[in-house]
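Have a look at the structure below before the remarks.
For reference, chains read A, B and C in written order, and residue numbers begin at 1 within each chain.
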Amino acid sequence: MRHWHKRVFFSLALLLGLTMILSACGGSSSTQSSGPVQLTFWGFNQQIAEQADAFNKTHPNIHVTGLKQPSGPDQYYPKVLTAVKAGNAPDVALIEYQYIPTMVANNALVDLTKYGASDVKSQFDSSAWSQVVEGGAVYGYPQDTGPMGLFYNSATFKKAGIDHPPATWDEFAQDAVKIHALGPNYYIVSFPPKSTGWIQALMWQAGAIWFSVDTQANAWKVSINSDAAKKVASYWQGLLDKGLVATLDDFSNDWNAGLDKGTIASWPSAVWGQGVVKGNAADAAGKWSVAPMPQWQAGSKQVGMWGGSAISVIGGTKHPKEAEEFVRWYLTNDASLQIGVKEIGWFPSNLNARKYPEVNSPDAYFSNQIVDATFTDITTDPNWTWPPDLTAVNQMMGNDFAAAVANKTPLSGALDQLQQQVVQDLKSQNINVVSS
Amino acid sequence: METSTMPRAADARRLNTRSPRPRITGSLRWQRLARFVTPYVFVLPFLALFAAFFLLPFAYTLWLSLFAEHRSGLGLGPPQVVWAGAANYVKALHDPTFWDSIKRVLIFGAVQIPVEMLMALVLAFLMDSALIRLRRFFRLAFFVPYAVPGVVATIMWGFFYSPGFSPIVHSIVALHLPAPDFLGPNTVLWSIANISTWEFTGYNMVIFFSALQALPQEIFEAGRIDGLSEVGIAWRLKLPLIRPALLLGILFALIGTLQLFNEPKILTSVSHAITTTYTPNLLAYNIAFVQTNYYYGGAIAIILGAITFIFSFAFTRFTRQQSGGL
Amino acid sequence: MADASLAQKPQASRHTQRPREAIGARAFSPRMIAAYVFLVVVTAYFLTPLYWLAISTTKDNTDLFSSFGLWFAHFNLIQNLSDTFTFENGIYLRWILNTVIYAVVGGLLATVVSVMAGYALAKYRFPGRNLISALVLGAVLVPVTTLALPTYLLMSKVNMTDTYWAVLLPSMLNPIGVFLATIYARASVPDDLMDAARTDGAGELRVFLQVAAPLLVPGMVTIFLFQFVAIWNNFFLPLVVLSDANLYPVNLGLATWNFDPASHQLLFNLIVTGSFLAVLPLIVMFLFLQRYWRAGLAFGSLTG
């Protein structure tokens, strides 16, 4: 018995070796020693290939391949992080601002200060620039930003007897009653419990800073269930309890249909949301308008940020210098910026591109409003900080909020639970946390 | 199932006692050598692939599950990978969300597997009955869902479950009945069960039907003479004979249930009741891939594999006992 | 057991076979009507979602969300088809071709590998046989999704990611196929036949190719078909090991078309049309090879 066991194990070990040789033959993409430097670039949009081609034409020494990736947040960032760990990562990638600390915590981003980041700083909007800076290092250049405003269906609002968009959240709640009175399927908005970035942006607007750094203790201060956060939660709880808001996930089919039919009458969203509204509710041209975000205090201009992206050089690249050159060109050269603004629909962080007519002209779909103008006259709380494990935080958050909505338990309870889970998760990784 | 793990005694006897036929001695030696080497040559490609794409990744998962990432300060520096021993396993075994997910799939299986098997059996018997016309058409209609990718199947059923534009919901509302909620916390598990049933009933039906067709018909004549009805013949005579097919079907369904993944994953986007910890496989995926914690995720995957093994083993043991050691 | 004794009883009596149609010709008995009603309801259950998919290929995005799902609205099929085949420079066709390569080549190689191994396990006794059989069964128990990630990490070490091999090689591994092949070989290749061939001077390879292989054809078709479907439907492995869209199979490609805020486009009509087109080849394949795989399944189910 024992003999053949040994023999089988020996032959298995032999096979392992054989297989490694076999599979090595499969590998075809080896780095070329001569010719232009080869770079790969990951992003969410098909047009990045076009932009890369434009770059390649004018840069004979560098060849960039733009590869569009599936952009679901539970696919893209894990894929980048896994690729970094496998030593297989792209040289350049689009990274949304909120994921920068998470990427940094995994050694996945290259600090661009030593490649001349200070030379280009002046070409970008300063608040956008601040989102790529982390502890003095610059982890990419800012592509576009995501300040929030309110897209609303003025036709539905008018039908409900409302002649102006709500300026405050109080007004918004009153309008919610009027719109629901139009019919049982009519809602002023959908509260999407799994849309973590959206809820975080609402918290940000209300000054409910979830994460901050206690510099003395060199520790994270986690205040997810602060009074300010509970105020936001209880506001939405009130609307949910009265059945005045839908609970469809944003971007779901039902939600799309609601926007198209006008039964979901508004969508507080980021500036990039204009493309979504146009794409989904194509038939509703002339019905949709945009207004500043409803405020907690009349007259204030506070908003949170939802999304917005940087273009970063990814850790492990063999050519950081050339990669930076591409990123710089990508976000400062007109050829690239034109495609970004016109075809992808950026609200550009590049100051030069902000002067493009596309950014400043009336939009026929939105009844000739200058949409982007609504998103420039704003202030944001600079204290909002993103945690170093956002993928985990967002998964726990989505679970807690979705469970609260599905089981009709209080949102404030979800905040308490999330606070406890996040603190526990950070501690389990040996990260310093001070209790708030 | 049993036959391949435990070679039948008859096989062994036949092979061992096979007497060498008279032959030139040199050629005989060569033949013996060939006889010895051939099976190894034949299993070699499979073993090579098995080693590269199963054993090696599996061993790697096992290895990773013994480590953990540790950080310091604010956790913004690169993590350190430290030896964790059994810590990940202890953590998983004490994680209530893990046990909740196991419990959930067991409840699912306890209901869905019998329904699917019963339906497949009844359909197979009907297809086996000479009295039914258009059997070829029916058979194909039942089997077609198996050819539909799980991703597409779930997108389609997601549409039928949607409160806004489901034709089912519309019809029920039109009858002035309360709109059903297919995606709520108490119902979504059964909505998933429906998708599984839709996908795999036809597959099992075809397997049972093929088994029925292979039975020699004359042996049922006696039953007919004895006055047994067609239904009686089906349940009392035919069912015991296709028992191996049924047990194999149940076993695969059991394994599939414990590893439930695609359907809940895709329905996540339409149902708030499906969390990232809904099934054990979803939990392992979300921790290992989405949160890039290969270490803890690996431990959960290994425990899930062990639980699957225990259930499969218990099932085969139990059914073997039931059939009196056959 | 009572059942077992009942099952044996008919074997003892020897009755001449009677045409089955002759029994109970009461075609319109209440019981028959009930059976037909049941069959029609079940057929509707199985076909309605596919019917919806077919109808939906004729609709634009607005109608998809606002018209009644089970009937036509504005007829947009031609536009949907041309959009599907031209979007992003016609990459859909490329995805279909990739999928065909993965499924046909991977399926064929997997079948060859499985049948060779299954034949050896069934027809030879050799040290290590039990261990290999146990490994084959054990492989079925480990969740595949969790192996994809370490597979990717290992592939990266040999520069295999982002190649056709990254999908093809793992697709050639099919433990269930080996399991089925073992059963088929045991049931359909008689030892006497092999021995006779050996006596006639045939080598072991010739015994396999000329004696065993022809007998194993129905089993091979079955293994091929089910592996073909498994590869065609595989989603997670390509997602992890491929980042170049030019190498994607159609399943993964369609998933990247799924709406997301970043692309600012709603492509549901393309997803529906693309899904429908991707399902068609599978259905056609099963129709054409029906005779073979049913025979194969009959073996597998009886002898298991």
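One rule holds in what follows: a residue touches a chain if its C-beta (ideal position, glycine included) is under 8 Å from a C-beta of that chain, and two chains touch if they have at least 3 such contacts.
The structure presented is a predicted model; accordingly, all values stated were derived computationally and were not measured.
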{"item": "Most widely separated chain from chain B, with each centre as the mean of CA atoms", "value": "A"}
{"item": "Between the pairs A-B and B-C, the one where more C-beta pairs touch", "value": "B-C"}
{"item": "Chain centre separation (chain A, chain C; CA means) in Å", "value": "38"}
{"item": "Between chain A and chain B, centroid-to-centroid distance (C-alpha), Å", "value": "37"}
{"item": "Chain centre separation in whole Å, for chain C relative to chain B (CA means)", "value": "14"}
{"item": "Junction residues of chain A, two or more chains touched", "value": "11, 20, 23, 82, 85, 251, 253, 257"}
{"item": "Junction residues of chain B, two or more chains touched", "value": "40, 47, 49, 52, 55-56, 159, 164-165, 289"}
{"item": "Residues of chain C whose C-beta touches two or more other chains", "value": "65-66, 132, 149, 153, 169, 240, 255"}
{"item": "Residue ranges of chain B touching chain A (in the complex, touch as defined)", "value": "40, 44, 47-49, 51-52, 55-56, 69-79, 158-159, 162-165, 184-185, 268-277, 286, 289-293"}
{"item": "Footprint of chain A on chain C - complex, ascending", "value": "61-62, 65-66, 88, 127-128, 131-132, 149, 152-153, 155-163, 165-166, 169, 239-240, 243-245, 252, 255-256, 258-266, 268"}
{"item": "Chain B contact footprint on chain C (complex, rising order)", "value": "1, 3-4, 6-7, 9-18, 20-21, 23-24, 27, 32, 35-36, 38-39, 42-43, 45-47, 49-50, 52-53, 65-66, 68-70, 112-114, 116-117, 119-121, 124-126, 129-130, 132-147, 149-151, 153-154, 169-170, 172-173, 175, 178-179, 182-183, 186, 191, 195, 198-199, 203-205, 208, 229, 232-233, 235, 240, 251, 254-255, 271, 275, 278-279, 282-283, 285-287, 294-295, 297-304"}
{"item": "Chain B - residues contacting chain C, complex", "value": "1, 3-7, 11-12, 14-16, 18, 21, 31, 34-36, 38-40, 42-43, 45-47, 49-50, 52-58, 60-61, 64, 119, 122-123, 126, 130-132, 138, 140-153, 155-157, 159-160, 164-167, 170, 198, 201-202, 206-208, 210-211, 213-214, 217-225, 230, 236-237, 239-242, 244-245, 247-248, 255, 259, 261-262, 281, 284-285, 288-289, 294, 297-298, 301, 304-305, 308-309, 312, 323-324"}
{"item": "Chain A - residues contacting chain B, complex", "value": "11-12, 15-16, 18-20, 22-23, 74, 78, 81-82, 85, 101, 104-107, 134-135, 193-194, 213, 218-220, 247-249, 251-254, 257-258, 388-389, 391-392, 395, 398-399, 402-403, 405-407, 426, 429-432"}
